[in-house]
Amino acid sequence: MRLTGAFLLRNKLSLAGGIIAAAYLLLAVIVALVGEHMLPYNPYAQNFGQALLPPSGTHLFGTDDLGRDIFSRVIAGAPIDAQIAFVVVLVSLALGGTLGAFAGYFGGAIEDVVMRVTDVFLAFPALVLAMAVAIAIGPGLINSMMALLVVWWPWYARIARGEALAIKNSQYMEAARAAGLKNIKIVTRHVLPNTLMPLLVYATLDISNVILTGSILSFIGLGAQPPQPEWGRMVFDGQDYLSGAWWMSVLPALAIFIVVLAFSLFGDGLRDAFDPKLRRR
Amino acid sequence: MADTLLSIQNVQLEFGTEQGVVHALRGVDLTIHANEVLGLVGESGCGKTVLGLSVLGLNPSPPARLLEGSHILFREKDIAKMTTDEIALLRGTGISMIFQEPASSLNPVFTIGDQIAESIRLRFQRSGNPHQPSSSAISDQVHEALRLVKIADPERVARRYPHELSGGMKQRAMIAMMMASKPSLLIADEPTTALDVTIQSQILRLMRDLMIEIKTSILFITHDLGVIAEIADRVAVMYAGRIVEETDVNSLFKDPLHPYTQGLLASLPKLSELDKEIQQLPGTVPDAINPPGGCSFHPRCKFVMDQCRTKQPELKEVKAGHKVACYLY
Amino acid sequence: MQSQPVLSVKDLVKHYSVGGVSFLAKRFGRTEKILHALDGVTFDVGRDETLGVVGESGCGKTTLARTMLLLTPPTSGNVRFQDKELTTLSKDELRKLRPRIQIVFQDPISSLDSRMRVRDIVAEPLVAAEMNDRTEIRNKVQAMLEKVGLSQDAMNRFPHQFSGGQRQRIGIARSIVCDPEFLVLDEPTSALDASIQAQVLNLLRKLRKDMRLSCVFISHNINVVCYMSDRIAVMYAGEIVELGPTMDMLSKPSHPYTQTLFASVPRVDPSQRRANAEITGEQPSPVSPPSGCRFHPRCPYAFEKCSQTKPEQTAVSPNHWAACHLLTK
């Protein structure tokens, strides 16, 4: 990876995005490991006497309708979307990408079958399909992750297949065949690295899409269930109070926005750094 | 003493890139006379294409930058100081250029005839002639131009699109387009490199004939010494952004003075000397961002002396009509 | 031939179908067009011998390189390597034979996987031959790098860190790591500068002598092919039109195409400028090649028989034949 610090410094927005994204991930890891002990308040502790308090010195983001401290809940909720996004993207990349690479390299029946299957999936808008699956298998965080997985892998299969097609007849592939390499070895030594590596850049950009879609699923009630402090769910919970206690919905929504934007900007910068070097094959 | 057509003086050009500043041209002095073919020969990265493009201001500017003190004199005007509009006037009237890949200069959505007609019309406009020639007059001139480049069926070919023609035909069409404006100077950048050898010999012959007929001079840029031997009257050898040797073609091949020229000639397999092993030049083509100090060739030179490493030798005339930049002389 | 040839190619044919004729169109009698890339090529290569294959664009020499090694399955014909008939082997048997017949490709950039380190690139044939001992692999790779003149620290670097000439050396190292008996060189120096080309050609000469390799050297550059080959085959429109020892071919080219081809090569000597044998026309279409002798439309000596019957291989001298009706008149 020849991503130079010099390059990132030149691309300040992207760098800023990268820093925020990294901070978010760090936070998610810390919270996941350490648990809620370091938080100012217990994110699940209800306290009706303290309900719907506006942001202040004691409650940075105010409290919700059940008296829970929103700031603590936002922090506690950080790992949830991150974990889901990573799992979805990594699994899609690994399984979908590999399937697509095989399809592109071997062609024939394998390619036809894989492509027709992905065609079916890709015919639906991602959110609609995710919703349909989530409704079918029932609400819940793990279920929403499954729904996202189902929807996400076809994109990676498609892109990987395209990349595999592009390199199938390059001279180094011919050289590998001329050396007497078995097909399966050609796939592991040449096809997979050359198709999955470019996909990594796409995957980074994609994390924010998954976070967004996941939050939306929770926002419509299909994902995280109470009392989980997932951000999308928190926005949903605060809907009824928008005119009065706006902080219940707006602040978690702001958190989603900032994280998604950060990943997008960073991914853009990554793509700029890698694409020219990728294309120089 | 032949008339001087183009006088390139101390041309220095650099490019900014991500990796650093590329010193493409580091003080090039060259003169082209009327009615001659000057061969400019060198390997990749020596700057020959950049020099050709500089004459017509075709290097994209940023990132390319012509440094102060560079002069390119044509008809008493300095091209280095001209505006883009002024140079545009020059292109297609006084100076024309053809490239290695004719496909990239030919517009795929217009017929050959249309494109040659366009260049003829432009010449009329730029010559300040108030009358626009009639379309049938232009059509005649188009066919005349195609006949000039020995295309057998000009009327039919004029109606064709570029993709319908072979490489050799496209190159002839390019030459027709460029010659239609009857330039005083034609800059040809590797015009035959992409062609088969049998087609190449046809095109070279054609260019020589045209040159005599229309009285055009040619700056013929190539890496192929064989082609130079075929077509050039005088030759300039380029290395790392500078001219290292310049003389008439016979002297260059019979009596090469610069160690680079000698090495280059010795490294070519020749049909007349197949039993001898070719002498290879050690090392690699110099890095244009960090060229070697002093004489750029010194890391590869078997005659290297102390002063070669520190100070760059001047291009001096050491025999009649034979210039070389080397401390050996 | 005293001993059995290392490689024996007989009547090798490779046709591609082009045109993508739809199912419906086929019902109405439209047949798919056939591209005649190779149309019956026959030759032998003996031990320690290099056969050069020369020809212009579209002659089929690139297809020959691939088809000869069965990297592309031939449409018909035989390829005999040592005592094995390659066209009858199973996929697995063929695969296991590959380390003994290797190929060096033209493009130094795309023939190496840019994501792999040099040591993995060079080790690839060893991996294919199922060598598992890492130390042995590393030793072999080191030995190869030394043989091709690259330093040991090249092992852990990536292709983009090397120059074109060095990348070609890496490709050569890869092709010889399994100690092959036969090497196909497909335009190995065409993408390199002249001074680097000389280095690589001399390296190849040394290697083939040390390793007692039999080679087929394919190139469009006639000087290079003649320098590197003991015998030469001239290809035109998918067929070999003349084959013979290099010196014989140069002194007595018998096929009109060979004569034109050799005459078109620019000599590196301006005193040898000659009125080039003007050849007319372009390379024939591989989809509908001319009837009879494929060269007849462009041949200055063509007579009636030439457009009707295909000429036979006729001996000019021992080991030297040409396919031309003039020789049997």
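Chains here go by letter, A, B and C, matching the order in which they are written, and residues are numbered from 1 within each.
Simple rule for what comes next: a residue touches a chain if its C-beta (ideal position, glycine included) is under 8 Å from a C-beta of that chain, and two chains touch if they have at least 3 such contacts.
Owing to the predicted nature of the structure, the values given are computational and were not obtained by experimental measurement.
*Asks:* Line, ring, star, complete or other: which describes how these chains touch one another?
*Replies:* Graph shape here is a line: each chain touches the next, no loop.
*Asks:* Report back the single chain whose CA centre is most distant from the CA centre of chain C.
*Replies:* Looking at centroid distances, A is the chain farthest away.
*Asks:* Where the CA atoms of chain B average out and where those of chain C average out, how many Å apart are those spots?
*Replies:* 33
*Asks:* If you average the CA atoms of chain A and of chain B, how far apart do the two points sit, in angstrom?
*Replies:* A distance of 55 Å separates the two centres.
*Asks:* With chain centres taken as the means of their Cα atoms, state the distance from chain A to chain C in Å.
*Replies:* Centre-to-centre distance between chain A and chain C: 51 Å.
*Asks:* Of all the residues in chain A, which ones touch at least 2 other chains?
*Replies:* Counting only residues that touch two or more other chains, chain A contributes none.
*Asks:* For chain B, write out the residues touching at least two other chains, lowest number first.
*Replies:* none
*Asks:* Hunt down the residues of chain C that sit against at least two other chains at once, touch-wise.
*Replies:* In chain C, no residue touches at least two other chains, as defined above.
*Asks:* Could you please specify the touching residues of chain A with respect to chain C in the complex?
*Replies:* 170-172, 174-182, 185, 189-190, 193-194, 197, 280-281
*Asks:* Give every residue of chain C touching chain A within the complex, in rising order.
*Replies:* 66, 69, 71, 95-99, 102-103, 105-107, 109-116, 120, 124-125, 127-129, 160, 171, 174
*Asks:* Tell me, which parts of chain B touch chain C in their complex?
*Replies:* Answer in residue numbers: 43-44, 166-169, 196-202, 204-205, 223-227, 229-230, 232, 249-250, 253, 263-265, 267-272, 274, 277-282, 284-285.
*Asks:* Can you name the residues of chain C that touch chain B in the complex?
*Replies:* These residues of chain C touch chain B: 56-57, 163, 165, 193-199, 201-202, 205, 220, 222-224, 226-228, 246-247, 250, 260-273, 276, 278-279, 282-283.
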